[in-house]
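You will see subunit A twice below: alongside subunit B first, and alongside subunit C after that.
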Partner chain A sequence: MALGAPAVIPKPHTSMRHPRKARSLSRQDSVFGLLMVAPVLVYTGIFFGIPTLLMVWMSLHDWPLLGDPTFVGMGNFSTAFADPVFRHAVVFSLGYALVQTPLVVALALLMASLVRRQSKGSALFRIIYLMPYVMGFGSSAFLWYWMVDDRTGAVKAVLLAVGINVNQSAWLSEFIPGVIVVITLTIWKTVGFFMLLMMSGMQSISDEVYEAATLDGANKVKQFFFITLPLLRPTLVMVFIFAITWGVLVFDQFYILTSGRPDNRTVSVVHWIFTNSFVRFDLGYGAALSVLVVLGLAAITYVQLKMLRNPED
Partner chain B sequence: MRTPRNIFASISAAGLLLLTACGDGGDEETPESMTLWARGVAEDQAFLEALIEAYEDETGIAIEATFIPQEQFVQNFGTAAATGDGPDIALVDVAYMPYFASTGTLDPLTEQIQGLDYSEELAPSMLEAGTWDDEVYGVPFYLDVSMLYWNKDLFEEAGLDPEAPPADWNEFADAANAISDLSDDVNGFYVSGACGGCMTFHIFPFIWASGGDVMEGEDEATRPTLDDPVVTETYEFLQELWDDGVMPNGAQTDSGTNYGGGFGAGDLGMTMLGSWNISQLLTDEVDIDFGVAGMPGRNGEDPVSFIGGDSITVPADSDYPEAAFDFIEWITGEDAVEIMVDYNVMPSRMDLIEELMVPIDERYQAFADAVATGQTPQNVDQNAIYMDATSPMMTLNEAIFTGADIEAAQESAQTSAEGIAGE
Partner chain C sequence: MMKRLSLSNVSWWVVCSALAIIILFPIIVVLLASFKTIGELNTYPPTIWPNEVTLRNYVDLDSTSANVWRSAWNSTVVTLGTVALSLVLATLAGYGFARFKFRGDGIAFLVVLATMMMPFQALLTPLFVVLQSMGLIDSLVGLVLIYTMYVLPFTIFVMRNSMSVVPQALIDAATVDGVSRLRILGTVMLPLCWPGVVSATLFAAFMAWNEFLGALILLSSQENFTLPVILTTLQTGRYGQIDWGILNAGVVVTMVPCLLLYLALQRYYVSGLLSGSIR
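And then the complex of A and B:
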């Protein structure tokens, strides 16, 4: 028996219906369906559609916080392409997302494998792993700010206890150490959430598949690579999209911990949007940068969906 | 330099006539209540609530105060002002006064201020910072004045005269080094290196007292001068102090959470702190003997302190502009100032600092002297150029700790600052 075969879900036979009847049914269905989703459509329209349109409109203007906006066409966009801080922030945010994502996904996968089955203590560990996720990024960042403090931080105490004495005082002012601190914080903070997603994905895989594989002589490692991973694909797609999106949109952690240091090299795209909108009060330029980020993320998500699509679909 | 006194002198008798015409006898009805917005710093809230209660008791006019988190104040107030939903009275951080004054958000108060008996006793640099195109938009309310604090016990221990603060930068460096040499746990000097606002408060007095500045011109013509040669000297001096190890390692990354560097704990020789801090040092159970003085210039020139704080303003869309100014007059009057002093808040009235605060502790005299000669930056882009984490001045501040070439860092900071100023 081929591994993974039982997971192929037979497609419903729709072609046997009478074409006319099917059409009229589908019209009724679609009206009913539309009614059902209407509240969500209204909600999305108000809280996403209108703000998005306003953002696009603002991006075409020189729009100060106080005073009248002036139409500048694509002026903000050409400024953005020539803005060295924005260009660096794009590269930095993408790079951060690319480094961060595989680490958090791999760890979440490992943790989900450990706690997926109901066993003594697994519920406790699930809660422990998920706990940091319910804290805000702002408060977690301040917690880590103190943890890595050179004089009073817990990290220093732990390192000293094992005989390592490192000068940590410049960690948050230097590029690599600063980024490592932020990555560690983000993994600690979000891994529980991804673990939860993957755990439910894993739990939806029937035990019979594993039993059959065991009978066929597949060991745990083989089962993981040939059953768990392929059948987890839809969940993994979602996890990757979340992780990459959150990575590109990173803000609070860097804002609080490194504040752009050194020399604005850890300024993320969202931090730069924030600075232009709410420090320089240039809302039009901030909106233009936001439009670029939304388009960029849409493109990245599209590519991810293409790359991770099940070839059998 | 244009002074408020000149501004007032330049306003003709016509202004006074107008004032008489628009005074208490105007058409405005007496309100039952007015709205007031202030930034929500915990210390502000307590004394403001006490003031508001006293005002209500005296006048029967209720003040509905809204405290907005400091980080969101400018956006919230700006947005509300733009849509006509702003308060009747607003307390504005003086750093943002030029921005709001230049955008028509506030009512000009020039003539009303001139009508106050004590207009010449109000902190002059704060009045100046709230002046735009010869109109004054804010009444200085409370102050935060930067001063050099020194620990007399550590001075004595290091063989220095505990009663004599450094008279120039050489003496400053010698004292800082001598104190740092006392033990590993003791440091000569401290700055909150990753806190933009703190750094302007720490560093501008060094530059100003030595004859330099970080900006020139006024109103629309203000431009940054981060490439000033005195700025070079100041940053090279601070870099040297850092290289000599007189500042603790944590200074580099302190985003303000350790502001003051534990001066009250007694292991810091000198630091630049505000007037808030003397209150804390006097009220807390702090067991150190300390002195307060202005920071002298490089060669012993007279100190020039940074005068910060809040101005009290009447937004342009205030429903009760006349009653709002009556409130301002009351809150800067002697009865209100007495309440502020009870809360250890430094008023903007130079006469009352002398009269009410110096008797509490003679070290307040240094502050009273500093207010008259101090400076307040006036720049619509003050946060973006000098204070924000991504600001050009913050990247220049990094050079103190990284050993980067100061002149090169200045050149790059100046270019970015000019870019922001030109937007």
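And then the complex of A and C:
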């Protein structure tokens, strides 16, 4: 759960294993190893396994906060498919992810190419660019809430200082301006992380490849498109999956900045789950929506892996 | 040649600095705003630099109906609890996965990592019911339990990786000396794996300090609110009027500890992020 959806699950590697000694010792070892891992397995069972099964079970019920649940079969799911807010939230979250992702990826790619060389300056800029990433989305959203305020915010101050006086008063209550603010905030906050991933991918491309290309007369732009991008493919796949997943699951920024305005048009899928489970206390319906989100995201990730996979594999 | 090189160098500095200024801008302006008087914060046109510096916004953080310092304490408790619980669990499991062979170890490790693919947001509805049955709704302990689950796969992964590369000879030497397996963990492994411990700690701490949705759902009484949640009550304001001074000071109190921790330990944070997401 930690990072949303990592692209690559590492293979458990076998090289560091104990050399097998006496049989009795090895059996003791295996009991000890299991003992070490057991607390985590039990913990994962309680706080991951049970909730996962419970989510499916709840989705088949009318499940109020207090009182007994009633079995309704697929009732919640048919409600969901007919629910206009949910349908809009799905389109909105997907659309948001699709607009947001290319922007943040392109900017991160540019920044990674800028700071990938080894120098004191690069190291300094890397540290700066990653700073917003360690702040929470919650506090960042409140910071931006003030910053874009029409009467008191810093954006207004800067715009006035350079002689631009636009009417910002409706930014967070109108659809397009509100979404633009959230996209800008999200890029600001996450671009450093994606930059870091891509920079690390770029550093693993050997200098010799570039030297050979330079000898063959390829300029920097050509090198970027014909060497860097293709060799960066595995990193890019991962970055895309992260960005799309985070985009589809967006909540904090929209909840704090636009809270659904105008007319529920900026209600994301997670926001709608939140509303149904914890504002209306219709937990069965919230669970059904959660099941749909899990399945939908799994499908999206699978399609991305298929589409972005190296054709030569 | 020399001239072209230095020119491109200059443009590199210009572009990178411009990006740095844009990225630092929100952080700097909110820091400045948090020291402005309430009068200045409400004047039009707004200022960037404070005309008059005051600590009123910080002093008053606990005098409104929403007590931000109390929330800072709650956030500290939740963060320390999450770090402690997840580190104990992840250190033991990392040791087990890195150094011992047992039936099903590969599958167990995959299962632990696979939990990362489940969106946390989707699991909150059933987790609420699980915690309800344990009587842990509106409790910081409940929050620590779910945050620990959230950070476990990553912290286990980091701990296992750093323990895998400890030379076997050191462990053999300790074993010959009659040191028990559990003591080896404390005396040989952990002293050598502290960069991994720092990475895991930072990851867990940032997550627990900043998490919003879970805390919003699980905490219902204001005296239990963590920092990100208390900010929602400041945003609404009393009498519909937002006290920008308090809100900005609240944002600063939430973000500054993260920034300081990151700046002090960024090397470990970055290597942890990279080892956790690539591979």
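As a working rule, the second predicted complex is superposed on the first by the 263 of 313 C-alpha atoms of A that agree within 3 Å, B and C clash if a C-alpha of one lies under 4 Å from a C-alpha of the other, contacts with A are read in each partner's own complex, and residues count from 1 in each chain.
Note that in this section contacts are C-beta pairs under 8 Å (C-beta built on N, C-alpha and C of every residue); 3 or more make two chains touch, one makes a residue touch a chain.
What you see is a predicted model, and the numbers here were worked out from it, not measured in a lab.
Asks: Kindly classify A:Arg151 by the partners it touches after superposition: subunit B alone (first), subunit C alone (second), both, or neither?
Replies: Once the two structures are laid over each other on A, A:Arg151 reaches both partners.
Asks: Looking at the overlay, what does A:Phe278 touch: subunit B (first), subunit C (second), both, or neither?
Replies: both
Asks: A:Val85 contacts which: subunit B (first), subunit C (second), both, neither?
Replies: A:Val85 contacts subunit B only, not subunit C.
Asks: For the three-chain arrangement built by superposition, which of subunit B and subunit C touches the greater number of subunit A residues?
Replies: Tallying touched residues of subunit A, the top partner is C.
Asks: Output check: A:Gly95 vs subunit B and subunit C. Expected answer is one of first, second, both, neither. What do you get?
Replies: neither
Asks: Going by the contact rule set out at the top, does A:Leu172 touch subunit B (first), subunit C (second), both, or neither?
Replies: A:Leu172 contacts subunit B only, not subunit C.
Asks: With the two structures laid over each other on chain A, which partner does A:Val267 touch: subunit B (first), subunit C (second), both, or neither?
Replies: Only subunit B is touched by A:Val267; subunit C is not.
Asks: Check whether A:Gly67 is in contact with subunit B, with subunit C, with both or with neither, and answer first, second, both or neither.
Replies: first
Asks: Show which residues of subunit A both subunit B and subunit C reach, each in its own complex.
Replies: In subunit A, positions 145, 149, 151, 256, 278 sit in both the subunit B and subunit C interfaces.
Asks: In their shared complex, at which residues does subunit B touch subunit A?
Replies: 74-75, 78-79, 81-82, 99-100, 103-105, 194, 248-250, 252-253, 255, 257, 381, 383-384, 388-391, 394-395, 398, 401-402, 420, 423
Asks: Could you list, by residue number, the parts of subunit A that touch subunit B in their complex?
Replies: Listed in rising order, the residues of subunit A that touch subunit B are 64-67, 85, 145, 149-151, 167, 169-173, 255-256, 259-264, 267, 271-272, 275, 278-282.
Asks: Name, in rising order, each residue of subunit A that touches subunit C in their complex.
Replies: Listed in rising order, the residues of subunit A that touch subunit C are 1-6, 8-10, 12-13, 16-19, 26, 29-37, 39-41, 43-44, 46-48, 50-52, 54-55, 58, 63, 111, 114-115, 121, 125-132, 134-140, 142-147, 149, 151-154, 156-158, 160-161, 188, 192-193, 196-197, 200-201, 235, 238, 242, 245, 249, 251-252, 256, 270, 273-274, 277-278, 283, 286-287, 290-291, 293-294, 297-298, 301.
Asks: Sort out for me which residues of subunit C touch subunit A in the complex.
Replies: It is residues 12-13, 15-16, 19-20, 22-27, 29-30, 33, 41-42, 44-48, 89-90, 92-93, 95-103, 105-106, 108-130, 145-146, 148-154, 156-157, 164-165, 168, 181, 203, 206-207, 209-213, 216-217, 227-229, 231-232, 234-235, 244, 247-248, 250-251, 254-255, 258-259, 261-263, 266, 269-270, 273-274, 276-279 of subunit C that touch subunit A.
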